[in-house]
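In the two assemblies presented below, subunit A is common to both, partnered first by subunit B and then by subunit C.
Moving on, here comes the complex of A and B:
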């Protein structure tokens, strides 16, 4: 069966009833390829592209709400000139995915659902502590912190009877985004890196394509947090505002720590050695620009 | 600048040159004409082979070996045959095995042994594509694996496994060429360089995948809906393989979604489809999925080129000594002969008195290669133009100056016997570099080498634009880890066909209806290159009609006269000449009829805007339709306006030494690339390419710009990203996710210009352009990378990882030598 509900409650009801037997699909950029190659192991399809409001992108409180069906093109456009640094990075990440055709179809829920270790948008979300909202027909909505969402290689916290309804993006973060692929604009990551600094002084360093899931380099994050806390203490003593410019030795150490934290593999896209080295290069670059 | 030619870039109108000749006539030649098939392709109305269904049609599917080297012990088709909806399952045991391919080492289905993963072992025809796929998966083949020969090195090693019994040394072909005396060249040289260049495996990536429909008529005739780009040769070759007389075979070509040389050979899937149609007595369609297209169609030849060349102190080239090693794969297609074209670049790009080339074509258990846009020339040009750049460096000479010094002049004959009647090479060099701002942008690598190759460990923090609230992913180009460079490369290629066969001709049948509508039946196929539009333009120009009056029929061997095929960048030149001559005959007939009717001299009349006009004043005298009807329904005599032509170019087939004037004219071009190299990541960004081509004369400006831009896109891909990875004989990246093409959104700024040398042999002076734009792209980029970094890239593609490794290696060498 091919279900094409018009509203989210109807969609959730179908999903709750059929669970793993139904494959949610929206833009189809992953699913259609999988279907043609190996199949997707589901009897039914649940097309969410007609669900009212599912593709919305809107300001919500101080942050943003991305409907699960928000396409990368819509995200890139809507968030590109926002003054909030955090979502600007998300816009850059969205813009770096595929070509125009893929960005017109591919959605944030699709990227989260596929949960590829090379999922660019997943890395960006990880770098700003986004919240993934999962919906169930009767149990209602729950928001899973992004860091708890990815549970293993292409495995997530999403239950077979739930749908990804949307993503919450917090406000006030400062961020940066870098990606290396083998081609100009329309590319899959060889390595990508997002960094975020929360208003409360939390640091996030996220990588894609260097581990079984998108991942964070926690030790490196801690090194920056300690450094920034020290700077802030000193600044407070002197009565001035804290700078976030990091000393070069800290940046180097963070780079080295990040390279240790990742566990890339050799494949036809790049060698593990190259990927690991690039983690250091990208994170150092982003921190120097902070 | 040479006096006989004029440089025309972009909108500079060629009409100027003809001003004296046809002052009052509005010419179509050189105009921007949208391709005639563009509306149907843009709106999705074009019916490609996958859209076609014949009544009672079945769907074919092939079982590929999926192992690189193995003996076939047994094939069990029982489970497949037992499936409902399966109409035929065939193996080598069910067909007559006629060897084919350039090496006669291929058969439609394989009997005893498979020599590459794409070898076809069995095939199914079924009611639906799904049933066919399921049935194929139920065929059980028992193999006895043999040791895999995964590289040319392994193939040439002592005691290497023999891939084909008749070739115990695994070297099915060797090609040798020479002119002059290498030893003398060596003696006369002040500088000699020697390098090895390694070229990767590029896939054609036609957006329309391979496909065919085979259909036997009740009387035994066979109709094939085929995507071949050589329908007449194909008909003849296929006839032998399938045991049908060639005159009983009709080839109809649906719109072809790209060829690039991939459809010059007969591929096993084509006779297989015919065998399935014969076995079932029903039409069968067999189309590849994208994954099959990557796994089971040939690629560009991977080559290792060892090049040694010399130069005098004053920059005069002395000699080139070339050794080439081709990875032929497990079977041989026409692609094995690409060294024939490689050698023309080594012998004739710039003046060089002494040249020697030796080529070994080596069997491996890899997938095999075939013709691909440039036909061995992109590989040769990469090696040669990289080394020319190195020679300039050693001589401390501007690479432009070195090239200009050795560029031939019109009228010269090259060492291989090719007569360069028109030659815009020097003009191309000057124009492209002028557009690129060569003198200003090129840095001297020797003097600035020390500063730039140094590892960028200590970034220059002061240069950062700091934007504390914004995202950090801003432009990094001002940073020290980015190096800028500019590089150039030229090309030499055939421009007026290539006499490989005894005839390199093309036929045209032209007829006018009673109202001035024209049907042009041409032997040459449209494969996306825009030949249909160029032919319509040439005919419309001659007959003074609007292009919308011309209909080109070019896809049915039952209707169209013979043509050798779409290859060697020959269609505008050869088919254009044939169409021009047929149109001239029709024009003469119309003018003479009009002169008789209007009682004027033929010379006083012209055909313009659908009318017979007075040549001098342009005053309309009579509609062309009326003249035609006057002939057709005449009181005393009744005639139709129908003409035919067969154009054979004035070229000669190469002699035993591969020498001779193989083409009626030759094409030249120069590309200048500007790049940015990220020294920390190895990412190369091409900022701009200025491309100038000697095209003789622009016929369709929109079409030719498209050809050049498309060639550059394919060339950038070849240089930076495109590589079908084959490990242990197996394809690793059979999808567009992992095989990277450069699409329109990835392209840099392109500055396309033309040198118009007005070749006397060409239609309106035009030469061929199809392959040329791809050929110099990779060496231009690699030379720009050298200019940016001082590091020479010798292995394609230049993936970030490969570039970074090379930069690192160079840095380490520097450190040691410090």
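Moving on, here comes the complex of A and C:
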């Protein structure tokens, strides 16, 4: 059967009833690729592309709400303006995906549902402590912190009877995004890196394509947090504001730590050695721009 | 079980029963006989299957046909009005931007979607608008020239 609900509650009811027997599809930019390759479809499809409001991107409370069906094009446009509290990194990450036709269809819920280790948007979400909202017809909604969402290679906290209803993005973070691919468009990341600094001084360094899941380099994050806390203490003593510019020796050490944290593989896109080296390059590049 | 797809294709109402796992590309080519749209990589890398759905360029190989319910679909066949080609088609012809021609319908539809949204793009915006379309004859210089000519024609109209 092909289901095409017009509202999210109807969609959740179908998913709750059919669970793993139904394949949710929205943009189709992952699912239909697999269908074309294998010729094997699903017993049932649940088309979310007609669900009212599912593609909304809006400022909400102290941040942003991305409906699960928000396309990369919409995210890139809506979050590009840092001055209005957007999250520039998410916009840059969304723009780095595919070409215009892919960005017109591919969605944030699709990136999260596929949970590829090369999921660019997943890396960006990991670098700002996003919350993934999962919905169930009767159990209601639950928000899973992004760091707990990815549980293994292409495995997530999403249950077979739930749908990804949306993503919550906090505001006020300083962010940066870098990606290396084989060409400028329609390319899967060789390595990508997102960094985020929360208003409360928490640091996030996230990588894609260098481990079985998108991942964070926690030791490196701690090194920056310690450094910034030290700078803030000194500045407080002197009555000044405190800079977030990092000393070069700290940047070097953070890069070295990040390179140790990742566990890349050799494949047709790049060697493990190159990927590891680029993790250092990307994070140093981002930190120097802070 | 079939799905009764109702949409418009190039302005014409279409009602056709499709299978749930048929792509828009397959339905356009094999069911509606609109073979101007080409399939190639079938994974969203090459852009040869680009059509316009509700004003936006999409890879028709990655859209399930049933998903375009109620939508307006435009294909390369819809550009020509009577005996008059669209200015993009004319420009591709006059500049020799067609080599083997396989990428051409996708490129023209991607270009049309771009120009419909932004009638006077910069050179950079043109390149960005066409970045999802690959020409394996590598005739990119002629394609850029075609875009320049089409824009001049557009400005003249």
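Here is the rule we go by: the second predicted complex is superposed on the first by the 282 of 290 C-alpha atoms of A that agree within 3 Å, B and C clash if a C-alpha of one lies under 4 Å from a C-alpha of the other, contacts with A are read in each partner's own complex, and residues count from 1 in each chain.
The rule is short, and it goes like this: a contact is a pair of C-beta atoms (placed from the backbone, for glycine too) under 8 Å apart; a residue touches a chain by one contact, two chains touch by 3 or more.
Note that this is a predicted model, so its numbers are computed, not measured.
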Exercise for the section: After aligning the two structures on subunit A, examine subunit B and subunit C and state clash or fit. Expected result: clash
Practice task
In the overlay, answer first, second, both or neither for which of subunit B and subunit C A:89 touches.
Solution key: first
Exercise for the section: Go through the superposed model and pick first if A:268 touches only subunit B, second if only subunit C, both, or neither. Expected result: first
Exercise for the section: Please indicate which partner A:1 is in contact with in the superposed arrangement: first for subunit B, second for subunit C, both, or neither. Expected result: second
Exercise for the section: Using the touch definition from the top, say if A:50 reaches subunit B (first), subunit C (second), both or neither. Expected result: second
Practice task
Could you look at A:286 and tell me whether it touches subunit B, subunit C, both or neither (first, second, both, neither)?
Solution key: first
Problem - Contacts of A:174 with subunit B and subunit C, given as first, second, both or neither - result: first
Practice task
Kindly classify A:41 by the partners it touches after superposition: subunit B alone (first), subunit C alone (second), both, or neither?
Solution key: second
Exercise for the section: Based on the superposed arrangement, let me know which partner A:33 touches: subunit B (first), subunit C (second), both, or neither? Expected result: both
Problem - Most subunit A residues touched (candidates subunit B, subunit C) - result: B
Practice task
Determine, for the stretches 705-713, 723-731 or 759-767 of subunit B, which one clashes with subunit C when the structures are superposed.
Solution key: 705-713
Handout entry: Overlapping contact positions on subunit A, where the subunit C interface meets the subunit B interface
Key = 33, 36-37, 99-100, 184-186
Practice task
Using the touch definition up top, name the residues of subunit A that touch subunit C in the complex.
Solution key: 1-2, 4, 25, 27-29, 32-33, 35-37, 41-42, 44-45, 47, 49-50, 73, 98-102, 104-105, 184-186
Exercise for the section: Would you tell me which residues of subunit C are touching subunit A in their complex? Expected result: 1, 3, 20-21, 23, 42-45, 47, 50, 56-59, 61-64, 66-67, 69-70, 110, 113-114, 128-129, 131-134
Handout entry: Complex interface listing, subunit B residues touching subunit A
Key = 289-291, 459, 461, 464, 466, 468-474, 476, 680-681, 683, 685, 717, 720-721, 725, 732-733, 735, 737-738, 740-743, 745-747, 799-801, 804
Handout entry: subunit A residues within the subunit B interface of the complex
Key = 33, 36-37, 83, 85, 88-89, 92, 99-100, 174-178, 180-188, 190, 195, 244, 248, 268-271, 274, 277-278, 281-282, 285-286, 288-290
